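Shared between the two complexes below is chain A, which pairs with chain B and chain C, respectively.
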Partner chain A sequence: MNASPETLPSALAVVDQRAAAKTNPETVTAIMLLLATVLLIFGSKLISPALGSWEQVLTILTLGSFLLVAAFGQGLVILTGGLDLSVPGTFMLGGVLSAAWIGSGDVHLWFFLPTILLLGGVVGAANGLGVVLLKVPPFIMTMGMSIIVGSIALGYTGGSTLGAAPTLLKALMKGDTLGVPNIVLLILVFSIAGWLLQSRTHFGRNLYAVGCSPAAARIAGIPITRTLVLVYALSGIASAFAGALLTGYSNGATLRMGDAYLLPTVAAVILGGASILGGSGSFINTLCGVLFLSTVESVIAATGLDQGWRLIISGTIIVLAILIQQAQASGARPGLSRLFKRSSGQPKS
Partner chain B sequence: MATLIQNTVEAPPPWRGVMGRHPACFTLMLYIVMYGMYAMFDSKALSSYTFTNLINNASPLALAAAGQTLVVLARGFDLSIVGTLSIANVIMAVLPLDGPWGALASFAICVGVGALVGSASGYLVAYRGVQSVAATLGVMIICQGIALLILPAPGGMVAEWVSDEMTSTLFSLVPASIILPVIVAGLWMLLGKTDLGTALYAVGADQAAAELSGIPVKRTRLLAYVMAGALYGVAGFMLSAQTATGDPNAGMPFLLLSFAAVALGGTSLAGGQGGLIGSLIGAATLMLMQKVLFSGGVSSFYIGLFQGVLLIVAIVIGRLINRSRTGDRP
Partner chain C sequence: MIQSMTRRWHALALTLTIAAGAVFMAPVHADEPKKFKIYLSLSYSGNNWMSETANIIKALAKTPPYDKLVDLKEVISGTDPQAQIAAYESMIDAGADGVISFPISPTALNRVVKRGCERGVKFFMYDSTVTESCAYNVSYISAGFGENTAQALVNELGGKGKIFMVRGVPGTSVDKRHADGAKAIFAKYPGIEVVSEYYGMWDDRIAQQETAKALAAHPDVDGIWSELGEAGTLNAVADRGGKMVPIVGENMNGFRLGFLNPDYQKRGLQGVSSGSPPATAGYAFKLMMEILTGKRKQEPVSIEYPLPWATSEQIKLCNGSKIENGCNVFDASLVPQGFSTVIHDDVLLPEIDLRAALEGKPVDGMTIQPLPAAIHQAPPEPGINCQRCEAPADHYKLTVVQPTVAGQ
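Up next, the complex of A and B:
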């Protein structure tokens, strides 16, 4: 359900645009992002010779992996025209519970890890139910849920930091298999799975339909309530998983561990060319957005700029990305249809 | 869709009619009931000192929610509220100007900064057609960055005159912090008599119709953000008077609470319905609720839980009220 106020799905604009989009601007965006990432990595050698090494690339990939997993869920939600601001809550839930329930002893890991992910899914499903049944705007519903989850976790842990990560998660983040770092394998497997789910399944195609026009999707017989609840649940699971991974990497969990991941998930999806209004985007593009953002982040970190500058740069990147997208989308269409802006990406069929 | 039509056809119960026409009445009643509960928990609740404290606590949120109302009425959401409040707060802490004239200068700076940030958000939303959540999210992050550059860590001192006088009790009865919200409420009533006030509702209710009837949609929307920004600046001024110190993240709690106050005050989050005065009372109710929970023995850890739940409940109640209001029309 497109509950955002400016979202006025116009079937006309969508049809209009399908005719206009002959070349796939999504592929162009992806290639541009990858190109910018590679340039940035080589360019960073100018700042410091220590940068641009294989170790640095591996660090970027490792730090990017949490973002990628969380951004997968965010991308699905944005695809339906929503926004998931509960990432800090579910991310922290996954991280804190991994440390608190499983800990370094790997106590009943095979029972607890799925349970933790399921809890993330339950929080997400509650988001979905609030959005669909109570008709609360997505960003408010998810923001409220994040605060609720955060508050419960604060009461549960009494505000202390938990420092013990399951060995399996540690191995996943830091070990390697046959000379290939596990984290690279994880990113590969997750990317392929995410892409298949979003672009090659019935469920994924339903998401594009719901995001393009909820009314049309309803007429087409797509179960909107079930689809949306499932999407928010998936986002909750993904974000809880990302939190568990971060606990494995940093060997501990804090209550604020998810806060830093909210904005980058949105930014990565939007940078990848997905419309914030829903109905377009692909996970491969989100992957490119994640790689670019992680690289920017690590280069900025290496230059030793203030946290303030980092925020200013990432905020500017988001605004610019959206403006460029708008310009691309509105270029072909004159007049009133500009009111009903949609980005140029199209669902693959 | 079908359920909506059904509900509008049904005649709503009479109490809903009164509530529907004046959603702020409902909020005011809630406030009074909650104050009664507070008086039961805490025997000092009825003293002038406690009342001043309550109003002092509520004043920054009330002003911030007043600003948010303007944007919500024009069919938008303004996340830059966080950034503007933070910037105003750190400026007050880094650049303390003492004395009444210093306070006036600080006030002007806060309003100016707020209007500037508001015009940036407003330009992106109104003239570039960027979805409001996305545009104001970007602006908010940039502003948070600027606030961190001005003051990297919590600290600094707000001018003594501001922190003393703005939190005092006038004639040992009226809290000084109520003055600005009352002025804002007065200005709001004046605004309702102007074309801009009418345009604000028209743009929020139906943009296409507003455009066809010759209302300058873009300008109206831009002005909504600018006025909202100025109000966040005022909120930042009052917050600084309240905390007497600076914090680059001072605005963060206001994001969720401002929407909760707006919804609780009976303004429809879909735009075009509601009003600013409801939000002022809504904000006061939210802060009072925190006090009641504390005095009722709830651990401060769980405040977020209640705030989140109340936010969602407030929106659902607000929608029911709004729905019954549309049902009133023949």
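Up next, the complex of A and C:
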């Protein structure tokens, strides 16, 4: 959905300039994350000589793909100054329905798969409507929605999630095309599409404007209601798709399958340099955040440490990475973002 | 501000408690006073195992003659012990005759259980246990899943090799008991090296992802010991192609089907399927009903459910949903891979078939069959079925399998 030309008057030019001014520190963050990821992968040879291999990279990419897809939606919502806590609900919805409605028999796959994604979008759109029209804080609206979706699923399935993975999803996760693993192609295509949507369309630019200052965006003629509803709907679709992918990978679904993905989606977006208050961030950076997080998890898993130590180390690395990234960002543009936030006077949830 | 918020939360909590209490205290079937009021209390639902146990109990409660004797109500209270305590309280106040439950904690529920016992409520815990001595525990936990499967793996590997340990949910007494038992065996074999130990959270998706990570670091692993979630463990091993390693695990349908897969057989998959049987719930329910109806005299006790055990050679596909001729796994089109297969026992639980476990419906023409008079009392398991007690000297003794390789 593109905004019409008259909705982009001079006010947005300011945003565009800001985006241009930010390019540099954002790129630095992305490069630093990628460097850290590569270093970790090669450094992991010290832990086990088998690591640092293409197989390890492929494992990281496969396990990171669910997070990447869900973090795309989360990134869009955070960009507008919101937060999507319904990820566990919509994620599970996508996964459970892919197994229950389509299953390994590929029953009406071409009808049901889009329908399931659309359902994720409907749940997301309901979030958006609640946030915009009923003025419910995004935090509460999306959390409530996740509980509602989870409860409906519990009632509908009676706790027992039936079915197995559709062939298409299995092939997406495990197959090859012309010698290239499908999961690599999927990540490439998804990343390019996500980047184009967020950085090269009017809709994407509108998100920055809404996130920086809803009031200014409204004055600029940006259709805020439509934009926000669409953003939450996209997040619902993305996380339902991520759930479907996990079903494809693991050949089945459970009602709790999305629980583990909520906080990592936020962490990946913030690690990528986005502001939790909205108005900044890019999808390529989120991609780098996902790669870094997945690599940290994979390398720590190889250390053979106790579970407690693993969690402590992975938590510490995430906090350190965010501290470094923030120091670097504020060093590159001293106080600019904070100044802007204060002058906009818009408290964000 | 904070104070007023706290007060508001307190008020909300109080309102909810009263509302819940009102629901439970509502007169139930006042015109059928002879029925036993039984509550089924689950800690959480959302996996196959838990809903299978609930379905088994529901099907039994509808099987004659219990269909005329039992008024069954189900309460799911989430993973928080406080919620289950509140649920038990309401059940006691509502005049329950019996509570059959999967308890979330072996100790946190003790006080409320004791209060219920004093009011004449019979508490039957299945699979997981409580240490309160007035409750009946019915569980396989003490039957030695950890040590027996570990020994089977050691035998398979000839006493040496690199292995993974896929554990369950950290901090639970069940996970600790299983892993301690397994480690007691592995410790006897210096040639056995645990190169990676990680938590699959009793979930096949998580077990699969964690195993994929471990395989990237240790592609030369020789065998895997896995708690529930082993269908995912198997998927991860199968996904990487090439030779497969022996896996010992629990009873998931997808895991057992793996042993019948010709491709996997060719690639060398061997193993044992053991672990937590949903049938325990049915056995516990039948015991409770025999005691409530006066057919059996039995003081509160911890009862051991026999450890299910099937080697890869003993796995046999059932014809459709019928469980007969010793078959022990279902076609993939009938159940999800995470379905726990041990839902039936020819002696202890002949009333249950696949439909009963999936839908909670009784088997046509079936009546409740009496249980054997003898019960198998569980040994003391500190922190699991007793509080101030000591485990027997032969705590981790092997019961199902014997060593074929000499250990230290």
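In this section, the second predicted complex is superposed on the first by the 277 of 349 C-alpha atoms of A that agree within 3 Å, B and C clash if a C-alpha of one lies under 4 Å from a C-alpha of the other, contacts with A are read in each partner's own complex, and residues count from 1 in each chain.
Following the convention adopted for this analysis, a contact is a pair of C-beta atoms (placed from the backbone, for glycine too) under 8 Å apart; a residue touches a chain by one contact, two chains touch by 3 or more.
Quick caveat, the model's predicted, so the values are computed rather than measured.
Q: Once the shared chain is lined up, is A:G252 touching chain B (first), chain C (second), both, or neither of them?
A: Second partner only, chain C.
Q: Quick check for you: in the superposed arrangement, does A:V96 touch first (chain B), second (chain C), both or neither?
A: Neither chain B nor chain C is touched by A:V96.
Q: Quick check on the superposed pair: does A:I270 touch chain B, chain C, both, or neither? Answer first, second, both or neither.
A: first
Q: Look at A:Q307 in the shared chain and tell me whether it touches chain B only, chain C only, both, or neither; answer first, second, both or neither.
A: both
Q: Once the structures are superposed on A, label A:S298 by its partner contacts, choosing first (chain B), second (chain C), both or neither.
A: Touch partner of A:S298: chain C, not chain B.
Q: Just checking: does A:G130 make contact with chain B only, chain C only, both, or neither of them? Give me first, second, both or neither.
A: In the superposed model, A:G130 contacts chain B only, not chain C.
Q: Can A:L154 be said to touch chain B (first), chain C (second), both, or neither?
A: both
Q: Scan A:M143 for contacts with chain B and chain C and give back first, second, both or neither.
A: Once the two structures are laid over each other on A, A:M143 reaches chain B alone.
Q: Return the residues of chain A at which the contacts from chain B and from chain C coincide.
A: The overlap between the chain B and chain C interfaces on chain A comprises residues 154, 158-159, 307.
Q: Per the contact definition, I'd like the list of chain A residues that touch chain C in the complex.
A: 44, 47-48, 50-51, 53, 55-56, 59-60, 62-63, 99, 104-105, 154, 158-164, 174, 246, 249-257, 260, 297-298, 301-302, 304, 307
Q: Show me the residue ranges of chain A that touch chain B in the complex, using the header's touch definition.
A: Chain A residues touching chain B: 4-7, 83, 130, 134-137, 139-141, 143-148, 150-152, 154-155, 158-159, 263, 266, 270, 276-277, 306-316, 318-319, 322-323, 326, 330, 338-339, 341.
Q: Considering only the defined contacts, which chain C positions touch chain A in the complex?
A: 45-48, 50-52, 54-55, 76, 170, 195-199, 203-206, 208-210, 212-220, 231-232, 235, 239-240, 254, 332-333, 335-339, 358, 360
Q: Quick one: in the complex, what on chain B touches chain A?
A: On the chain B side, the touching residues are 75-77, 124-125, 128-135, 137-149, 152, 204, 207-208, 248, 255-256, 259, 269-271, 299, 301-305, 307-309, 311-312, 315-316, 319.
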